[in-house]
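Lettered A, B and C in written order, each chain numbered from 1.
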Amino acid sequence: MSIYTRLQELNIALPATAAPAASYVMHAQTGNTVFLSGHIAKKEGKPWTGRLGGDMETEEGALAARAVGIDLIATLEAACGGDLNRVRRIVKLTSMVNSAASFTEQHLVTNGASDLFAQVFGTQGKHARSAFGVAQLPLGTCLEIELVAEVD
Amino acid sequence: MSIYTRLQELNIALPATAAPAASYVMHAQTGNTVFLSGHIAKKEGKPWTGRLGGDMETEEGALAARAVGIDLIATLEAACGGDLNRVRRIVKLTSMVNSAASFTEQHLVTNGASDLFAQVFGTQGKHARSAFGVAQLPLGTCLEIELVAEVD
Amino acid sequence: MSIYTRLQELNIALPATAAPAASYVMHAQTGNTVFLSGHIAKKEGKPWTGRLGGDMETEEGALAARAVGIDLIATLEAACGGDLNRVRRIVKLTSMVNSAASFTEQHLVTNGASDLFAQVFGTQGKHARSAFGVAQLPLGTCLEIELVAEVD
């Protein structure tokens, strides 16, 4: 099934991709491997701020992770010249969760993104991943996720 | 020499591999490159909790790093269809150490894993690496390590 | 233009490369992809200590990031057998910023390195990147950066 059919079934509209604010790019390819820059969580286009275990709970964090996942898919589409069906495999996801010292559910937060990739890409969406708690993130956002994918 | 001879000489028995608890996998391959998910430290099968510079000292952290290294080798064996001799090179190791704000020996903790890879894989075990202190980890574990390897 | 002409125009002299202090290496290659170990910030050859949002401000952090970038270029030269013109593309940069809980400008700190790569490598220097705040770093340094590059 086309990735676009799946996105439609899931009622997901891809956003416009963000432009980087400095001397870097949102995706870089070497061979068939694409590296996506860390994407910070956004809500209605603005930084989704918060700290897990502080002013944010796991459920909201998982929603933020899903939102970052959608932004990553939009960037991945751009990396594929506009055609997500060129994605062969989601290879690796790294999830950096803005965490209070007592918060130990980074994996549950990150499931919000992992589940999305499985829903959209099926078996090819199953990825290796790491999730850990960071001291702070750019603009005070609650979450940042980067991704490695294999493309045609 | 076979990797299995080395493991035997080092008296290392590989554990059963962990099953991921969500929509991800413990290893994903693209071309000849395998990405392993972040593996959290375990002691007797349970999360090895603690914070370096808090309730855990560097020596115990290095033991935990060695234990994670053994778990990573077990996953790498699975990624190679059961034959570790297909590993061409340990390429990159990333070590996330649960750290109090005052703890500055993440590199010494991580040596527990780096030394293991050198012992087991010899020259091919020498890897690039990063080690840094994180605010917290899934389930309160003291350490999480991910790995990139080249395989046949 | 040769990378060496650019370095000269920018008045950048590459330092001697650091030797790793344990069972790892500063760079490891698989196919055409080189992974560089995390390089900690140094000032006059000694660890550049500090915490952003604590005893260090963004401007100094960006200088430290530029300094790490120069050290990374020196290691990249070694990885290319002494010839930086073999670098095809700077692919990915990961920047771990030693951060107080209130510091949210990891991206601005990291620009010190990103700008350098754009200056030295031009279009081929534009990389994907992630920047995040860590709880602490080896030897109390303010910054650690690792890099992935494509080489001939």
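Going forward, contacts are C-beta pairs under 8 Å (C-beta built on N, C-alpha and C of every residue); 3 or more make two chains touch, one makes a residue touch a chain.
Bear in mind that the values here come from a model prediction, so they are computed numbers and not experimental data.
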{"item": "Angular offset of chain B relative to chain C [C-alpha, multiple of 5 degrees]", "value": "120"}
{"item": "Residue-number overlap at the chain A/chain B interface, same or different (half cut)", "value": "different"}
{"item": "Chain A and chain B: spacing of chain centres that average the CA atoms, whole Å", "value": "24"}
{"item": "For chain A, residues that touch 2 or more chains besides their own", "value": "31, 33, 134-135"}
{"item": "Parts of chain B lying in touch with chain C, wherever the complex brings them together", "value": "31-33, 53, 88-93, 99-107, 111, 114-115, 117-118, 125-135, 148, 150"}
{"item": "Of all residues in chain B, those that touch chain A in their complex", "value": "21-31, 33, 35-38, 94, 96, 134-140, 144, 146"}
